[in-house]
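Before anything else, here is the set of structures, which you'll find just below.
Look at the two complexes coming up: subunit A is in both, with subunit B in one and subunit C in the other.
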Partner chain A sequence: MKLKDLTSPFYVWQRAFEKPYTQSKPTLNREGAHAYRGFHINDIEKCVGCGTCEEICMNNAIDMVEIAAKDSKKGDSGLVPRFDYGRCCWCALCVDICTTGSLRMSNEYTWAADDPDSFRFTPGVDETSWQDSEHGYRRHPEYDLLKLVRPEMEMLSPDEGLKSFDEVVAGYTHEQAVVEADRCIECEICVATCPANMDIPGYIRAVREENFEEGLRLLYDTNPFSATCGRICTHRCEDDCTISTFGKPLAIRWLKRYIVDQVPAERFAEILNDEITENGHHVSIVGAGPGGMSAAYYLRKKGYGVTVYEAGASGGGMLRYGVPSYRLPDDQLDKDIDYIVSLGVEVKYNTKIGHDIEFQQLMDKSDAIFIATGMDQPSSMRIKGEDHPRVLSGLTVLNDVASHKDPGVGKNVAVIGGGNVAMDAARVCRRLGADVTVLYRRRIVDMPADKDEIKEALEENCNFVLQAIPVLIEDAESSDQVTIQWGEAEMIAEDGKRPRPVLQEDRMHTDTYDSIISAIGQSGDFSFLPQEISDQLKQHWGKFEVDQRQRTAVGKIFIGGDIANDVADAISAIADGKNAAIGIDAFVSS
Partner chain B sequence: MFDLKRYSEAELESGKFTKLWHGPQHPGITGNMSLELTLSGDDVVECKTHVGYLHRGFEKLMERRTYIQNFPVVCRIAVPEPTFNEYMYAAAVEELAGIEVPERAEWLRCLNLEMMRLASFLMWLGGACGSFGMSTVYQWTVTHRDYMLDLFEEMTGARIYHMYISPGGVRAPLPDGFSERALSVMNGIEKLLYEIERVALNNHIFKMRSQDLGIIDPEMVDPYGIVGPNARACGFKRDVRKDAPYLVYDQLDFEVITADKSDAYTRTLVRYQEMHQCISLIRQMLEQMPTKGSFHADLPNVLHWKIPAGQTYVKSECTRGEYGYFLVSDGSEYLRRVTIRGPSYTHAIAVMEKLVVGVNIADVAGLMVSLHTYPPEIER
Partner chain C sequence: MGYAGLQLVNTMFMQELCERMTRQFDCDQVMHQKDDLSFLRVDRDRLESALMYLKTHEGFVHLSFVTVIDYIEDGFFRLNYMLYNYDKATNIGVQVDITRENPSMHSIHHLWAQGWTYQRELKEMYGIDFPGSPRVDEEFVLEGWDGIPPMLREFDTAKFCEDRFAKRDGRESQDIKQTMRDNLYPERGES
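Here is the complex of A and B:
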């Protein structure tokens, strides 16, 4: 034993002269570290109620609840997370995964209350002392659990594309599809946005699990035009995909296409296995577009005898005679239509109601009628000279091309309009070898056309002249040509309203083209309706008024598609068809 | 010294001995387990260990949570050392899923682990002194451990359950100015360690009570599966950090610390030196670690993350020695099986039952602490 061993312990006494380590908590409030994981804060303005936080919480500490301050709306379920601090372990996985970045934490860590229920609270709604705290855990910007990047879709180069009417979009490869499907967080916000309420997370899961038969069943359950929609759907679901807050929305449309592309048409019947038990009732449908054929599909599945009357020589409506084949090849549309017809739907082609058969005959012999005749009457530009023989309608040009006829547009074409029909007409003309100028009254951001369509039209060298208002169409020097006078427009916003193009009369231009294609909108032709029925059916801005089940004021008559809904796209027509089938079934069986 | 004779069951039950339950809530017990002691006078004749007070069913819980949901679970398996569990789980998942972890994450993980080792040893050193009656030292070490917890709070967002090392990397880089603050805490702890050396390790009473207490015979090491400082104290130069280097240990300068006699005193000395080693490693890392670059790998979507069928055993050196995770995946979103093998399983049960025989009742707690065991790690 050394002396040191006996004396050194007394060194402890030295501490008596030092400051104590401990702090007295009630008098000295120690703040949590800057990124401390304390009580939650939620910005309910940003939160879209996707429930991903609830999904990831391993303690079931989160419930999604309705609150008075918020209603469900497009892209927002209206729900917000409520936390149970009897369960929470402050792991912050919920914060890491929050799709909108609305959820974070404060650095507050003490909370005393005598009411145990108060520990179940809804941040952003229930008052807390920390709700404005600047500190606390947030997901680090470089730490991402969400998958934000979409695989690049392979497409024909613009030069390649212009050489033919071949499909431009190649479709995903297997690897791409699985990677893309993996990004889905299954929040289902998109389901509410989809007019047909397709089970989007369900079929995306099927891609992930490579179960294409299940995928096909899920698709056709809500959309008998899935092969078609997988190509040309306006995919508004993608606008509301929660992943799009920080990244690219899921390529929902391309994944739908991927499933259908994996299943050959011959196998549809065996996989979908639609069994039909006749119920003895009969429904007549006017128009074999997506609206009419969708109604036919669901009515047939319910056992109705269905006859579809179609003025044209084949089915699909505007999808066949409007949408060009480089976006939607005929065989894909046929895949859908053939399957519907195979269920025993009778389609009478080249039969125009009001011309070949009177509408009243249908009224007399059917239990119910569904009308989806679409809008095939080009709208007028309301300018002088628009009846010039070198002025063609976009619909006519597209119809000719779809029917393999040469529309004779010439080498130098002006397209008037900024919607999808204008883009299609412009790109079709480029494929016919013409130089194309698109004249539009507003700015690019105001164009109603699909963003991809605009982008591709630009890539295909369509020349966009924006804020250009046509004023007059006249004969050109050559009788094969036509002259258009147009003026520049200024966008002027009046008291908070959307800016309006105002013609600047001092800045006028005159150009000459081989043809001018007008594509500024279309309307329906309802002349086939007998006057007394027409009088009873209510219209509003050129659309028939219907209820959620497409019912009209005339008991037997249901109307849908472009002539009833304001959106006027394929999926809305398809959804209308399905709703009509439900409505008709309820009507007939009551 | 008491004759280390083994008594038969009949003799033990004959009534001539005293039965004493040491734990589960005795302060000298390192967690909720108990020793059922049979005493002859003051000396232990026989010991049966009992666990079961802490069973939370982690391994089963983990089979019912997705891969990402498990990382906040595992830290709870050994309360004073959550980080090792976080690392082992992440490393095992990464191996099964074939994920490459970015270099910066490896450094941050390694730093986090050595900080954890130091914090855990501080708590332990206080306990070691406290169980021999020097609770002043306990107050000092717990204070400095709290300074470590402040660092964890800054680095990870929490003091105890850090949930910082997640499969794929770590959740955040170091906050601004962290190195300076960490270095100043290190200086404080280094100073404290010298003080403790002076008042405790050189303390005659401490020496008297701990020397020759609970000697681990080198012959016992392999049959009993003794690892870590308990084995190193009797000359086994075994340390996973050197033997199978992981993270960035092969880029750091350190030697395996050994001694030639594993009694309670020497084990304390070995750990004491390892604490200095931690400080050195932390300083090296703060100096060398990259300050730029990604700290987390790109994972598949964690909400439906499936890992191909497979199995793996990963190990690391925790404060108590080799710590291992055995994971089996079956291709689904859930683990098929998890088994966690911590050193406490053998140290607190088989080794303790053997070493405690013949020990004076007053030294039982000191012996147990000197083996550095964590009951929560036994009961997963």
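Here is the complex of A and C:
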């Protein structure tokens, strides 16, 4: 035995009096690394309840649940993710895919409890110590699971566009359409925003799977004007596309167009297979615009005999007379209307109710009536001199051009207004070779026109004069011209209300034009309604009051489209038409 | 030497090293991720000699780990051998791409004894073979596993969880579209 063997235990023992190298248990407050994937945090103000976190979770650890603090609204389901930490593996895919960036992680990682159910929790709602944590895993800013970039749409250059009335937007190529469709995460948030509640994720999936027959069927479930809407829809759905938080929203409108463009009109009947069993009832529809013709389509499918009365020489209403062909070519509108008519819908053109046939006659012979006459009466500017012969209405100019007549606007034109009719009138005048000045009383952001229309009008060199209020219209020196006096306006907000333009009388201008086109709004003409019926129908701000199924106070009468809804766009009219068909069917069957 | 000075020395060392490696081993990709972290990509058959050189001539004596990324769309695996140089306090990652059809790679257990452990794990999790690596076919952490290797991208984790684990009582998820319909447009849009 060596001496060392005897003494070494004492060396060891002396260590007993030194500070230990190990740490005592339990270890308290050891903070996780700053980018640690710890417990979840959700900013429920930002969360729109798209459920993408639930969808991507490989462990089925997430449920979407309703909470008291949040209601559903357009663009937000009101649901929030609830986690089951019995299943979560903290892979952070939910954080990486979160469309709004509301979901992230703290660096907190210790949680002890006796009750296993307490590990199911709703971040941002259930109180946790880590909700306000500064640290924890974040998505890397350059790393996106979502595809944020939209394929660029080929369009005629503004110079080329101005040379003709040819369609400006080329439409997607096959490759572009499939790439674009692949960006959709099918969260379904957009469905509630679409006035017609179209199955948008469904038809985008059909594009992705290149199944255009299925795509067409899905479109026609809710919208028989898909060739049209694929071009000129106001696409409110895209405003609420969850991809738009970080990227460009899905080009929902262009994808719809792509489906319809792939299917030749001759194949519609075979694909849609709309079998009709006559039910012996008859419905009269006033107006062959998108609202009236949609109602006709869905009523016909239910077996109703349908007669549509149209004052104009062809169908489509404002789509034909108000939307120029560079946005919506006539043949595309015809494609939609022809299919509806092919199902046996009778359309009486050049037939004005109250003139060619009395409204009471329709009341007598129909089981129900749907009125969707639209707003085709230009609103007055309410200024002196507006009845000057060189003052034209925007609708008249568009109507003339649609009917291949020369509206005679001259070479130097002022357009008054900031809505789609104003933009269309301005762009039409540019195509007719005129210099165009647009006078609008508010700012560009206040313009009710579609953003695309405003942008394209600017690109086509329409000169915008903003915050300009017309005051007086007078004879010019030449009888072929007209003079307008207008004043600059200041936007003034009073007690938190929307800013209002206020005329600055010290800053007045006088300009002379070949013509002035007034496009400040429209209203409906209801003079065809007999007084006793008119008295029973309630109106509010120039619109008829109807319920969710377009019912009115008069049992037989249903009303929809621009004269009933506040949105006054094609897709809302189409939705009204379909819902009127449901309402009429319920009314007639009862 | 201050931190900034050390950083500069590191950067220069790493840059020069990568140039030498590129010359000798024909690395087709060099990426300087941070001051003390660079990546090189070499051919499958040059890996051993590249690692040997880094270990014996450049001071990268420590094998930190071996990982793999599954590029299923492009049909290959990217192996990552992470080495550490204690003297320079720098890391280098040597990457090798191998095809998914033939998921097999030379073993490196003769260079670093712990290499066989990583290789056994990769065999189990991704099905990548390392012929000659000790105990490479033995179970690593999965006991009685009979499915496809679970870290492969084609493995359906969600389905596996659905089949294997019961949900806790009381769990219920609401459908987004139906909830919004019920709350926002209950009477509209029916057929």
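As a working rule, the second predicted complex is superposed on the first by the 565 of 590 C-alpha atoms of A that agree within 3 Å, B and C clash if a C-alpha of one lies under 4 Å from a C-alpha of the other, contacts with A are read in each partner's own complex, and residues count from 1 in each chain.
Methods note: contacts are C-beta pairs under 8 Å (C-beta built on N, C-alpha and C of every residue); 3 or more make two chains touch, one makes a residue touch a chain.
Owing to the predicted nature of the structure, the values given are computational and were not obtained by experimental measurement.
K.L.:
Please indicate which partner A:63 is in contact with in the superposed arrangement: first for subunit B, second for subunit C, both, or neither.
P.N.:
In the superposed model, A:63 contacts subunit C only, not subunit B.
K.L.:
Quick one: classify A:221 as touching subunit B (first), subunit C (second), both or neither.
P.N.:
In the superposition, A:221 touches subunit C alone.
K.L.:
In the overlaid three-chain picture, which partner chain does A:32 touch, first (subunit B) or second (subunit C), both, or neither?
P.N.:
After superposition on chain A, A:32 lies in contact with subunit B alone.
K.L.:
Does subunit B (first) or subunit C (second) touch A:197, or do both, or does neither?
P.N.:
So A:197 only meets subunit C here.
K.L.:
Considering only touches as defined above, state whether A:93 meets subunit B (first), subunit C (second), both or neither.
P.N.:
In the superposed model, A:93 contacts subunit B only, not subunit C.
K.L.:
Contacts for A:575 in the overlay, against subunit B (first) and subunit C (second): which applies, first, second, both or neither?
P.N.:
second
K.L.:
Is A:12 touching anything from subunit B or subunit C once the two structures are fitted on A? First, second, both or neither.
P.N.:
In the superposition, A:12 touches subunit B alone.
K.L.:
In the overlay, answer first, second, both or neither for which of subunit B and subunit C A:79 touches.
P.N.:
The answer is second: A:79 touches subunit C but not subunit B.
K.L.:
Name the contact category of A:51: first (subunit B only), second (subunit C only), both, or neither.
P.N.:
second
K.L.:
Would you please give the residues of subunit A that touch subunit B in one complex and also touch subunit C in the other complex?
P.N.:
On subunit A, the residues that contact subunit B in one structure and subunit C in the other are 58.
K.L.:
Could you pull out which subunit A residues touch subunit C in their complex?
P.N.:
Counting only subunit A, the residues touching subunit C are 49-51, 54, 57-60, 62-66, 71-74, 77-79, 84, 86-87, 116-117, 120, 187-189, 191-192, 196-197, 221-222, 547-549, 575, 578-579, 582.
K.L.:
Considering the complex alone, what residue numbers of subunit A touch subunit B?
P.N.:
On the subunit A side, the touching residues are 1, 4-6, 8-9, 11-12, 15, 21-22, 32-37, 52, 55-56, 58, 89-93, 96-97, 137, 140, 142-147, 182-186, 205, 208.
K.L.:
Where on subunit B does subunit A make contact in their complex?
P.N.:
My answer: residues 65-66, 68-73, 136, 139-140, 143, 146, 150, 153-154, 157-158, 161, 163, 171-173, 175, 195, 198-200, 202-205, 207, 294-296, 299-304.
K.L.:
Touching residues of subunit C toward subunit A in the complex: what are they?
P.N.:
157-158, 161-162, 165, 167-168, 170-174, 176-177, 179-181, 183-191
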